[in-house]
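In what follows, subunit A forms one complex with subunit B and a second complex with subunit C.
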Partner chain A sequence: MKPIRTAASALAIALAVPGTAFAQTELSLWYHGAGNDVERSILVGIIEDFNASQDDWAVVLEEFPQAAYNDSVVAAAVSGNLPDIIDVDGPVMPNWAWAGYMQPLQLSEGALDGFLPGAIGEYNGEVYSVGLWDAAVAMYARRSTLEEHGIRIPTLDAPWTRDEFDDILETLQASGEFEYALDLGMADQGEWYPYAFAPFLWSFGGGIVDRETYQTAEGVLNGDEAIAFGEWWQSLFDRELVPGTSQDMADREIGFIEGDYALQWNGNWFGIRTLEAVGDDLLFLPAPDFGNGPKIGGASWQFGVSSTSEHPEGASAFIEFAIQDEYLAAFSDGIGLIPATAEAAAMTENYSEGGPLEVFFGLSEAQAMLRPVTPGYVFQALEFRKALSDIANGADVIDTLDAATDAINDDIERNNGYATAQ
Partner chain B sequence: MAAVTETNHALKLTGRYALLVAVALIFVLPILFMVVSSLKPDRQLLSDTSSFAAFLPVGDISVGNYFAAFDRAPVGLFIFNSVFITVVTVVISLFLCSLAAFAFAYLEFRGKNIVLSVIIATLIIPFETIAIPMLMVVNSLPWIGAEGLQWGWLNTYHVQIVPFLADALTIFLFVQYFKDLPKELIEAARLDGATWFEVYRLVIVPIAGPVFATAAILKFLIMYNQYLWPLMVTQSEQFRPVMVGLQYFFQLNTAWGEVMAYLSMITIPVLVFYLVLQRAFIASIASTGIKG
Partner chain C sequence: MSSPGPQKSLQRHPLAGWLMIAPAVVLIATFLVAPFVLAFGYSFTNQRLISPNPTEFVGMRNFEQLLGIGVLTLSPEVDEAGSPVRDDDGALQYPRVRDYTRNNPDYPHLEGMREWFGWNWGNDRVLVLARDLVFMKALTNTLIFVAVVAPVQSALALLLALMINQKLRGINVFRTIYFMPVVVSIVVVSLLWRFIYDGRNGLLNNLLEFLSFGLFQPIDWLGNPDTALWAIIAMSIWQAVGFHMVIWLSGLQTIPVSLYEAAEIEGANAWQKFRFVTWPGLRNTAVLILVVITMQAFALFAQVDVMTDGGPVDSTQVLVFQAVQRGYEQQNIAGGSAISVILFLIVLAISITQRYLTRERT
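Moving on, here comes the complex of A and B:
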């Protein structure tokens, strides 16, 4: 009789305590921000709010360092240990969706209304991931430098044209005041190359792969427009207007601030730091228009649900909870990235009207273009990076682009066109 | 004539020392750069890289980067994990590999040469090529621990230790060394009635100090610098070693001063281990009195 009484008492206590933690099902969340206290504190805050807001789910955070994150996820997928919720870099998402690591989100109708396009991870007509922020690239310049050399300050509506941009670089270099007229960031030889430089190629009218079918790079990466881009790209180095691939990372980080470079092509995540050093003289300018409109890259880190999650509805509920404007604004204030909605931007210190980085929201909205939304992008990015590096170092433009095109086509063929398994 | 000879000798000596100092600088300067940079704020650190000031503790010097490194990552935990995993692996590995090498060097059994050849042949297989199959194997192995029988070794210390307890390089080093020892020592011990294990323990081990020290240093460095495997098998921060921990410091805006502070701290166990074994190495040579 005693055991029955004990069990009945335990049940009574459980029912009497509303919202007790043990009623919640645990959802594991992997995040790439280990080592970043600010990101951690904001994310932990969101998780605590979510866990306290309902009785069904309890999200548990596990953090990974960014540089090791993708490898950890792939290893976990191989060993069948994926968590419920993962975060994924935007351009990598199609590869993970195709490989079967992710499943589409189950979001409410209208949950993504007003989101920047770069913050929505769509593949095969379904939303697999959503970001709380986007990133953007701009041309960093000093107003005083431009005025001193009689250079027009470009706007979103009237960006620099190709000829104008070339003249500006020549003028600045010829002034003898700078080691280089422009810093492209050649020292950062990771995803920066396709993220920052593919937009130049797009603006020329070329591409990494045919975006209609994603089945070939022929005529896109080695067509006339791409060759024109390649020749222009090589000329930057031949004319010694920009540092080459041997650029030191230290020069990349302080070269513009110290006045060695007149202009710098850089991301908004360096904006605050550069503002602190340069002050009000700093300008964030839109990308030049090389003939097909000014372009910049879009899509940053986003949240998605793993394919092995047994509770996709709970995982999606957390993601939908996390994309509230107040959290988008908190992340933006904390780490300086662009909030995913205009409403959230208005709540931030940096992106609200008159804020020091406000221009980046406009850039992202007006110029951002996603990198190829295909599982093959992961390989294509490597080929593109190699080709740009080789051309910068003097390789024949046509041969190099042809070789990259062949390699990308071979990869697509080897993977059966990256067809999604039915 | 004597004066000319003395001058020549002095010149040669000076040249030799100059060369030695130059070579020593090549090895010392990177370490000096690391330690000095760990004391500087980022802006100054990066500015100094273009001059000799990079090697001098000048400017705004402080230990702030060290405190910041501890704030950013559980540095103590990472160092403990690495030292624990490395020391346990080295100790057990030296015992197992030296025993295996002893058998290959002195015992006669069928297929000995083939087995040894196969083991040595594994030296040419890069770890990266077997990492995924190994991951799948360890993920489905049982382990009996404090919490009873569990399946899968991920997120544990032993998953970072057991797969590396025996390796071809260490066995090969021991085999080569044992083969060069005088056979008379083993024969004398056997004639005196020693078992094979007694021969190993009482005759071979005491005179094999140099190879134990060499193998220990090599194994220590390999284990302490492990990155890919721990990355694949530790999804929990609790078990991560120093090299995975290093990645905590590379953010969009990398704090280079903290990177240098972290590197300085994780270099200390390596230096201590090397210095300790260097003494053992010299002492073992001095005490053995073996002539080839």
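Moving on, here comes the complex of A and C:
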């Protein structure tokens, strides 16, 4: 069927027949956001605009619930049924690109100018995916609480230092007004751990894996800086400054709003909800600086083209169409994420100048650092999460980091160094 | 059944039996036999869930990795005079294990191993190291789980069965209540018990506080490495006890009333009736229940997956959970398959032993 259709559409173009919708080649698109009506209506809007804007391609949407999405793509890849366009979580992209599920995008020169670095998915020197948005994490606080306890309000140029941050937590805890001084979100035991907590490790000077070669974690995840981070991390729980791994998700969602927690380390996607509850008193503060600058994680969901697509040029054309500022702004207004360009940010309610979440754009621009860009990240994230949980629950810091390092190195070795297949 | 005609010839047809068994055979072969044969094969390779690299045969490496064990004897640190150094509490000081297991050319066989357990031997400390500590913990936790659940659950179920095997008004209400947890999905039950065990304001903590007039200090049952496995054990026993109670009950009801009447006439007391009438009558039921509980206990997965994710600090890691984690989350199908094969061998060995011990003696 497909070659015939392609031939027909080629013929249609050759004859320059207007309005030949029947001659469009179908491109399938898989998306992870099933169940979210707002997300769906925006995406459907983009697809309709794209399909109407030209005569070659017709994108068809298929949606999956987020929890089942990655499994569906892997299953489809194994059975050879991948769609033309897939969306992919930023840090997972190198794994899929390496496994041969994805191919580099064919974007025109300058299409990604002005994009936040976290929205561009690059692997092996090629752009495989691009996001319409990025996400950012901030320290949620109440201005009134900080002023009452004489705590300095940090800025991007002068973030809290490690000692200052520790003093602040102790002060807040000692005030007795709060159940815990800080909520890290230990209840959210998924990608949140590496996304939200690896930046602390980076700021200490450690890392999950050596970023030069991606061949070893030795000395990076169990070096002196990482051990210092691990000991600090454990001390948060020993001093009972933060809720532990058995925190309930409901407490995570309402604890700061209800005043049980003085500070909260949370993503911008919680921003609007918290703002509605807390009002003008709410502050979004930059990450503390543990010695190597304040850091937060970058990269969210992005669009890419599958390796089995017969029409990669059409798939890329759709992606290039979708990354226009107006759609970036629409997604941001709809679901509260950070638009990928400054121009789009200016068009949004929340991220334009004076907008309530504007600060997140600055945080993302100034502090965002990508999680390790390697196919092994998927495994490394699991080991990192386990190590942080174990250390929080009292395991020996050095032994735990050693174990995670060994597990990561074994995995790299089992995969021949994650070398790209030639 | 002597009526002639097509019905008879169909029943007598040599293929009839095969046809009737076919659906079951096809299903079992597709979903049990084939996956097992595949897993057995994969466990000798480096099969990955996702990889551009071809699968290679690696022999026993996966098993060596899982089961590798080493012993290390540490002598206490000594000062210049040669006498052992003691810390403020008077305890002997030992060198760190990582000095021996990481990049130490004198101990290549211990490379990458971790301390599993150890004991004191004079002034020395003997340590058993494991190459895959998480697997070893999963193995021991699974064995503890089975060793506790199998006897306790079957005994409790028998007790419940004896209690409700009476002709009382409304006894069916009790039967229903005891059986209810069995019909509710284990995932739902696990979620509910997470709330019961909650460390801040869980039902269990509130109840204990109330009963002890506030003396009891709340415990984070699932967040504490010392209590998490026991919390799961208690909950699992409660959840499935009703199922085994029903099997005991069916066994109890096959015992002829005339035997009890005879015992009554002989003047037997309640214990003697149980010991010499009920228990011998339940022999086959007991064998069945023991085997079923043992197998179910080895398959522990959903409770761990929903309630603890194997934590805190590996205190609730179990074999099936590890097999799934490695195979899918860590994309290491070969590693997950190797664990499944080991689990199969353990269950097989235990079942054969149980069959032997409970065989009909002639």
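Definition applied: the second predicted complex is superposed on the first by the 405 of 422 C-alpha atoms of A that agree within 3 Å, B and C clash if a C-alpha of one lies under 4 Å from a C-alpha of the other, contacts with A are read in each partner's own complex, and residues count from 1 in each chain.
By definition in this document, contacts are C-beta pairs under 8 Å (C-beta built on N, C-alpha and C of every residue); 3 or more make two chains touch, one makes a residue touch a chain.
These figures come from a predicted structure and were not determined experimentally.
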| item | value |
| --- | --- |
| Contacts of A:A395 with subunit B and subunit C, given as first, second, both or neither | second |
| Partner chain in contact with A:E62 - subunit B first, subunit C second, else both or neither | first |
| Touching partner for A:S79 - first (subunit B), second (subunit C), both, neither | first |
| Touched partner set for A:D248, first subunit B, second subunit C, both or neither | both |
| Contacts of A:F379 with subunit B and subunit C, given as first, second, both or neither | second |
| Touching partner for A:D406 - first (subunit B), second (subunit C), both, neither | second |
| Residues of subunit A that lie at the interface with subunit B and also at the interface with subunit C | 71, 248 |
| Subunit B residues touching subunit A - in the complex, by the definition given at the top | 43, 45-47, 49-50, 71-73, 132, 135-136, 139, 154, 228, 231-233, 235-237, 244-245, 247-253 |
| Contact footprint of subunit A on subunit C as seen in their complex | 46, 48-53, 96-98, 102, 112, 114-115, 133, 198-200, 220, 222-223, 225, 309, 311-314, 328-332 |
| Subunit B contact footprint on subunit A (complex, rising order) | 30, 34-37, 62-68, 71-72, 75-76, 78-81, 248, 250, 253-254, 258, 267, 269-270, 273, 335 |
| Subunit C-facing residues of subunit A, complex | 71, 74, 77, 95-96, 98-101, 189, 244-246, 248, 251, 378-379, 382, 389-390, 393-395, 398-399, 402-403, 406, 410-411, 414-416, 420-421 |
